[in-house]
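In order of appearance the chains are A, B, C, D, E and F, and numbering begins at 1 in each one.
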Amino acid sequence: MLSIGIVKETIAGERRVAITPDVVPRLRRAGLRVLVEAGAGAAAWFPDSAYGEAGAEITGADELYGGAEILACVDRPRTDRLRAGRFLIGLLHPDAAYTGELAAAQVTAASLDRVPRTLSAAQAMDALTSQENVAGYRAAVLAAHTYERFFPLLVTAAGTAPPARVLVLGAGVAGLSAIGTARRLGAVVTGYDIRPEARAEIASLGAAVLDLGGEGAGEGGYARTLSEHEQQAQRDELGRQVARHDIVITTARVPGGRPPLLVTETGLKDMRPGSVVIDLACGNVETSRPEETLVTGNGVTVIGAGNLPATMPAAASTAYAHNVCAFLEHVLRDGVPALDRTDEIQAAVIITGGAA
Amino acid sequence: MSVQLLADLSVFVLSLLLGFEVIGRVPTTLHTPLMSAANSVHGIVLAGAVIIALTADGVLGYALVFVTAAFAAMNVVGGYVVTDRMLEMFQPRGEK
Amino acid sequence: MSAFDAAIRLVYLAVASCFVLGLHLMNSPVTARRGNLLSAGAMAVAVAATVVVLAEAGVVRPWAWGALAAGTALGAGVGLALARRVLMTAMPQLVSLFNAVGGGAAALIGVHDFTRHGASLPVVLDVVIGGVTFSGSLVASGKLQGLVPGRPIVFPGARVLTVALPLAMAALSVLLLTGGGGGPGGGGGVALLAGLAAASLAFGVTMVTPIGGADMPVVISLLNAFTGTAVAMAGFALGNTVLITAGALVGASGAILTKLMADAMNRSLGNIIAGGFGTGDEAAGGSAAQGRARSLSADDAAIQLAYAAKVVVVPGYGLAAAQAQHQLHDLAELLERRGVDVFYAVHPVAGRMPGHMNVLLAEAGVPYDRLADMEDANAAMPQTDVALVVGANDVVNPAARRPGSAVSGMPIIDADRARSVIVVKRSMGHGYAGIDNELYTAPNTGMYFADAKKALSDITAAVKTLVG
Amino acid sequence: MSAFDAAIRLVYLAVASCFVLGLHLMNSPVTARRGNLLSAGAMAVAVAATVVVLAEAGVVRPWAWGALAAGTALGAGVGLALARRVLMTAMPQLVSLFNAVGGGAAALIGVHDFTRHGASLPVVLDVVIGGVTFSGSLVASGKLQGLVPGRPIVFPGARVLTVALPLAMAALSVLLLTGGGGGPGGGGGVALLAGLAAASLAFGVTMVTPIGGADMPVVISLLNAFTGTAVAMAGFALGNTVLITAGALVGASGAILTKLMADAMNRSLGNIIAGGFGTGDEAAGGSAAQGRARSLSADDAAIQLAYAAKVVVVPGYGLAAAQAQHQLHDLAELLERRGVDVFYAVHPVAGRMPGHMNVLLAEAGVPYDRLADMEDANAAMPQTDVALVVGANDVVNPAARRPGSAVSGMPIIDADRARSVIVVKRSMGHGYAGIDNELYTAPNTGMYFADAKKALSDITAAVKTLVG
Amino acid sequence: MSVQLLADLSVFVLSLLLGFEVIGRVPTTLHTPLMSAANSVHGIVLAGAVIIALTADGVLGYALVFVTAAFAAMNVVGGYVVTDRMLEMFQPRGEK
Amino acid sequence: MLSIGIVKETIAGERRVAITPDVVPRLRRAGLRVLVEAGAGAAAWFPDSAYGEAGAEITGADELYGGAEILACVDRPRTDRLRAGRFLIGLLHPDAAYTGELAAAQVTAASLDRVPRTLSAAQAMDALTSQENVAGYRAAVLAAHTYERFFPLLVTAAGTAPPARVLVLGAGVAGLSAIGTARRLGAVVTGYDIRPEARAEIASLGAAVLDLGGEGAGEGGYARTLSEHEQQAQRDELGRQVARHDIVITTARVPGGRPPLLVTETGLKDMRPGSVVIDLACGNVETSRPEETLVTGNGVTVIGAGNLPATMPAAASTAYAHNVCAFLEHVLRDGVPALDRTDEIQAAVIITGGAA
């Protein structure tokens, strides 16, 4: 019987865990022994006791890396701890260098951020979607918390509080989720995206659609990088729009490329004191620094929020654990990974190795 | 019972049934106009007034015709006009 | 039967069909006017055809022609003048007056026929029903006009009369039908008939006098159905099918209409008539206050709203208590789709917490640009056709404008200054401040007593079915 | 007229009134059965009264009695057996068969009257209409039963016949009425009548054969109205008022019903009949695929939902696109108040973002305990009376169960396993995955093509007015 | 035109009007039952079959009566029974 | 022409300001000169420039205390700076000692927390209501931010996230506001109060009502203090209920008395790791400490939030400024306070002095 090891994350600020207690029984039904590094879930409010009750075994890091044939993690684990022949599953965001390291370590690695987005059968393993959904919700809640006024319109005896005007740039999974959540709280929400189908999707959440003309549909359901000229025009117009809003949440990404710059420093200048800008893509806003909160001279709070799922670890971990589990169920045959390069999902996800 | 009477009776009964059926789910606001319209219809008694003129003689007879005709005509003319006035307020609005 | 006679009969048949079609078209506000015109046209044809019959017969005395022409001209002139001049609010009594003369005419035809052919069942019924209608309708009209006191009048001996008169009428009828007074025109018969007519007239008075003004519309409708029946009897007497058809049509449709009207007022017909012979007005509605308020049906509210150009919704705590926000939004959307300009006037302290209405309306998905604050709403109120007050009380209580009440000094939404007001709440019950609200008994206010959720969804359904 | 005759006529009048009342009660599902029973009772009385007339006359030959009794017994037996055994789905063709024999009977009465009193307008009309109905209804019945091919049949010379036959019928009728064939029973007359009957029968066939099976219900209703008229003509021929009344009643109500049915199918009657003489089935609906799908009206959907015990709502992206969540919740609440068990089956990837349906349904105020996840919904599906699919496509596409399609491998909500399915969407258009959905053309699926917001509020209104 | 004919015609016209009025806003689902019910009503032709028996003689006459009666009876009996079966499905559910 | 001075708050953590720029014109219309202590609104995102544009004059503290006849503040100002004859308006929460101090300083003081709650005409001045409304909203947003899972139910391809179960104890203004906001975010909300009419009010927000029997309506629309025996029974039953919820927000107060203890330490023990408890009344939860956030051994975050309006200063200040303004408009006649002991509102609000 193979073992799966749940790694305790090592990167600073990463509070998620790859497997949560609720999916442990599912893994055991799939024919695996479940080993959990002590304290792996603590930061996400899953104490070791909960894993124990679910049927997992708590171990130290050495036993884990030594004994488990399959390793589940969120962020990249240290390559030096990985032994040859291991099967690693994570959100590895692989670049050439890292892939090389893993190949050198003779590890079979599956990166769930590579799941084909438009394949219906792969939706349950789509960790990007599950994490971005958390990120979008979190961004809206964070904005409500940071913004020191009301989100909803309130007519009261002590005057009328106007609703917050929220602008969401980029209406992918995270953007839509932020739109939905901000609308729930009563804000007046406008969404913007360059993919034409995203416009209908924004409207389907009851939000207003900002249409600047131009379109940028790319491949595989993703957006394409705009030309420099297009980008400049977009920034100019967005600058005017940004000043009319109290909250700006940016989520625009293009695959492989740097996130497009959408909100410039001059754009921020015209915002009201007390406004809030959250840059989920960490790159859409000129002044934003990853994982830092700055307040501009005119009182605009700019939050660089590159890893929001990690700040809502309980929800994010639960969803991610389901993705990992669905992937394993897809790959395992009688408790053993049955690698198959012809399988569309595996071909996309498995970045090194291929013979277990 | 004469054939005529039986025929009249049939007509009467069928008309009663028609009267029952013809009033559907009328909105309350139309109740008064509808009542007024029905009121106008029994102004048909004016035709009756005309018919009795056929056999009227004597001052009393003429007086009877006069009064009956006056009553009936008032019923008919007034009835239709007042109904129409009531219905004016249901004219579709311009901008619709 | 001659071809001429046959042709006339066919014309009558066509006329009768047009009457049916005309009434049919009256079922919907959209076609009602056309229906009335059709009916009027058919009526003209019927009268014209009858005049042709008269002319064709060639035996009519000039004096008869004269009497006919003069009477018709006079009646038409008076009818026209009255109908043209009457105020909207005085229409019901005018209808009642027209009904009275219609009944009178039918009774007179009976009298005429009696002088020719003696008593017969139709003649007797004609005189009795026509007589009752004539006097009863006059009294009803007088009550509404204020000539006869509107409140139920119970005069001494009324009870005796209500039993004695019908007995007398029955006895006289039997005597007449069994030939108790000799042949046609026989003196005894005439006396009997005169007695019968007198008793009928008296009965009409005793029947209507004790009924309160609030129930008058139902009574008028009932008397209208009576007239129809009297006309049908006149038709039997004269052997004229168009009179029979039209009369029966009115008799039956009038009866249904009477029932509908009584239902709409939540009264039973029996109650009204029987009540007339005893109790008075109070029976209408629950408490005295509720009685004073004008109660609306869903259909009324629907038509008022659907034909308005501008509607202001005033929500209050009752909307929250009923959790009717979705139903309210639905209704507003439907009205907007029909081209009505709908907005919501949110009072700062409506509900039980700051922003209570905002929370509700947002939940229902009301767009923010449909909300107006108190000042804007009040400024627009005089141009507002309908203020729809849903479960609000204190925040629309005009008592706040005067010192001395629990809400004095609180700014309010001036719903009472809209052209008309529809209030949806369950009863005349109080709000948070625990005081009466004179808005509810204002003349331009209609109360729809029901839980707001049910009320609003019923009104929506009514708008859809009535004005589609 | 003797008292006996008068009594019989009065009975007939009462019977006719009962027929009217019976049909009246058929307007609402709640009273329909009572209406049918009343009508049947009145029918029994009418037939019994006629038998009494026969007996009272005393001139009926024993053989005639025998033939009458035997025929009645045979017909009743066969009718009863067929009616009892027929499957729900085969009822329309049975009704058509009954209609055929009714028309045949009317025509035969015409023939009989012809043998006694010669040709008259009613007799000629009776034979013509009855004949057309007889053969036409038989063909219609055969088409539905599959005995005659259901698709429109255009045989050579059909066009010539459709012009020639009516001309021939008209010519023969004129000849008959102008006494062209001698007196009653005269040989020439008989031949003319036989020719007329034959032409009528042939015309019935040519009229119905080219019409496609989908339009048959409308055609049957039309032929039903024809039979009514034929019976009324028989009534004129026999001088029997109950036949006239009942026949005319069916003629008129059948005509209205035919119009309603055609309206409900979005066809015009003219199109169907004229189309019958040329084009075929395709005209029904837009695209070929949409044609294959069964299209529903709001009323159908309303009755299916209102009389269901358990309804599962399957929302999809179309609900979001139409922003129809409030309307959906309204409908569900209304059904729940009627005692229907309603829950929502939320597919994990319905919509365009995780939890899209949750956001919508929460906005509309759907309580969480009404939501079922996919597994629970699928487990309950076989016991579900109606699956109401609102703007969902891929998530209910049975193609996902087979490999090889774009959605293969995705778990789906098994809406197709519910007893019946109502799908609300605007067209046969594709969803996100861009593939056809066989659920939409399944036999137990009805499609309601409209924007979800409009569709749902129309269904709600229909539920209220129909079964309110 | 005979009085009888005119009377019959009046009855005919009024019945037609009644037929038009009596069909209100029928739900589509009731269309087929209603059609079937109307179909049963013209089964009154059975009364006609009875009447022709009055004057029937000769084999041909008897045959005519037989066939007419059989047709009409089938229409009546089958029609009402099948309508009733259709309407069974609108029985109110137990728990309601 | 009299002057009104807007004081810069001195208490730590108090970020509100008594008058916001938007009501400055109203005060001027009422006949006052408006002086603003430099930086008074900065912490609430109202820069001095905004006051200047609205027509106020920015001054130093000395000029302000020296020159302004009327002083508007939120919390108690230092008594030593007040001169005799000044008219002070604030949320003073006066006790005997403080009232004595003010009287000694010969200050006429109006405390807006004393506005009669049930008087319709006084609603616009009811600062308790306006601030508690902010507090309730804020508590729900804070809870959503602190709770590291989803508030709403979400059915997704990565599993179903169950809705957060929120329990609000005490359904006065703050409680109702918290209920409404938490419901907006999609939580399953239960409310509890001892005043019987509060039950209908909870239901009117679509939330479930927790009914433990017993009732405690007091005077003036407030609750009464329960007997010790009643309190114990309440605590026991609430303990059981608390364990079934993920979020508990407590707002129960009784006038004059200590806030009732509703959630005991043992009650917290049974809550899930990651649960959040916010004690608005600062005293309803046994372990809560004012303005402190603690995490219990079993992973429950307990927030003592005694002054939440100060953490949403922009909204709270705006509402409070309207209250102050409405009060001044009620009191001023031709720009001069017309004190009148027979006026119901003044009689309640004015705690010292009475002749200006």
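Things worth noting here:
Assume a contact is a pair of C-beta atoms (placed from the backbone, for glycine too) under 8 Å apart; a residue touches a chain by one contact, two chains touch by 3 or more.
Bear in mind that the values here come from a model prediction, so they are computed numbers and not experimental data.
Between subunit B and subunit C, the least number of touching-chain steps is 1.
Touching subunit A and subunit C at once are the following chains: D, F. By the document's definition of touch, common neighbours of subunit B and subunit F comprise C, D.
When each chain is reduced to the average of its Cα atoms, B sits farthest from subunit A. Counting C-beta pairs in contact across A-D and across C-E shows that the higher total falls to A-D. Measuring from the averaged C-alpha position of subunit E to that of subunit F gives a distance of 79 Å.
Averaged Cα coordinates give subunit B a centre that lies 39 Å from the centre of subunit D.
Averaging C-alpha coordinates per chain places the centre of subunit A 37 Å away from that of subunit F. The distance from the centre of subunit B to the centre of subunit E, with each centre set as the mean of the Cα atoms, comes to 34 Å.
Across the assembly, subunit A contributes 123-124, 129-130, 133, 152, 154, 156-158, 161, 184, 186, 206 as residues in contact with two or more other chains.
Touching of two or more other chains is recorded for residues 3-4, 10-11, 13-15, 17-18, 21-22, 24 of subunit B. Multi-chain contact residues, meaning those touching two or more other chains, occur in subunit C at positions 16, 20, 24, 241, 245, 323, 348-349, 354-355, 359, 362-363, 365, 465.
Chains touching one another form the pairs A-C, A-D, A-F, B-C, B-D, B-E, C-D, C-E, C-F, D-E, D-F. Within the complex formed with subunit D, the subunit F residues making contact are 152-158, 160-161, 163, 186, 188, 206.
Residues of subunit C that touch subunit F in their complex: 317, 320-321, 323, 348-349, 351-356, 359, 362-363, 394, 400, 406-410, 433. Interface residues of subunit D, counted against subunit E in their complex, comprise 16, 19-20, 22-24, 26-30, 32-33, 35-37, 39-40, 43, 46-47, 49-51, 53-54, 57, 59-61, 63-76, 78-80, 82-84, 86, 88, 91-92, 94-95, 97-99, 101-102, 104-106, 108-109, 111-113, 115-116, 217, 220-221, 224-225, 227-228, 231-232, 234-236, 238-257, 260-261, 264, 297, 299-300, 302-304, 307, 309, 338-339, 462, 465-466. Within the complex formed with subunit C, the subunit D residues making contact are 323, 325-327, 329-330, 334, 363-365, 457, 460-461, 464-465, 468. Of all residues in subunit B, those touching subunit E in their complex are 3-4, 7, 10-11, 14-15, 17-18, 21-22, 24.
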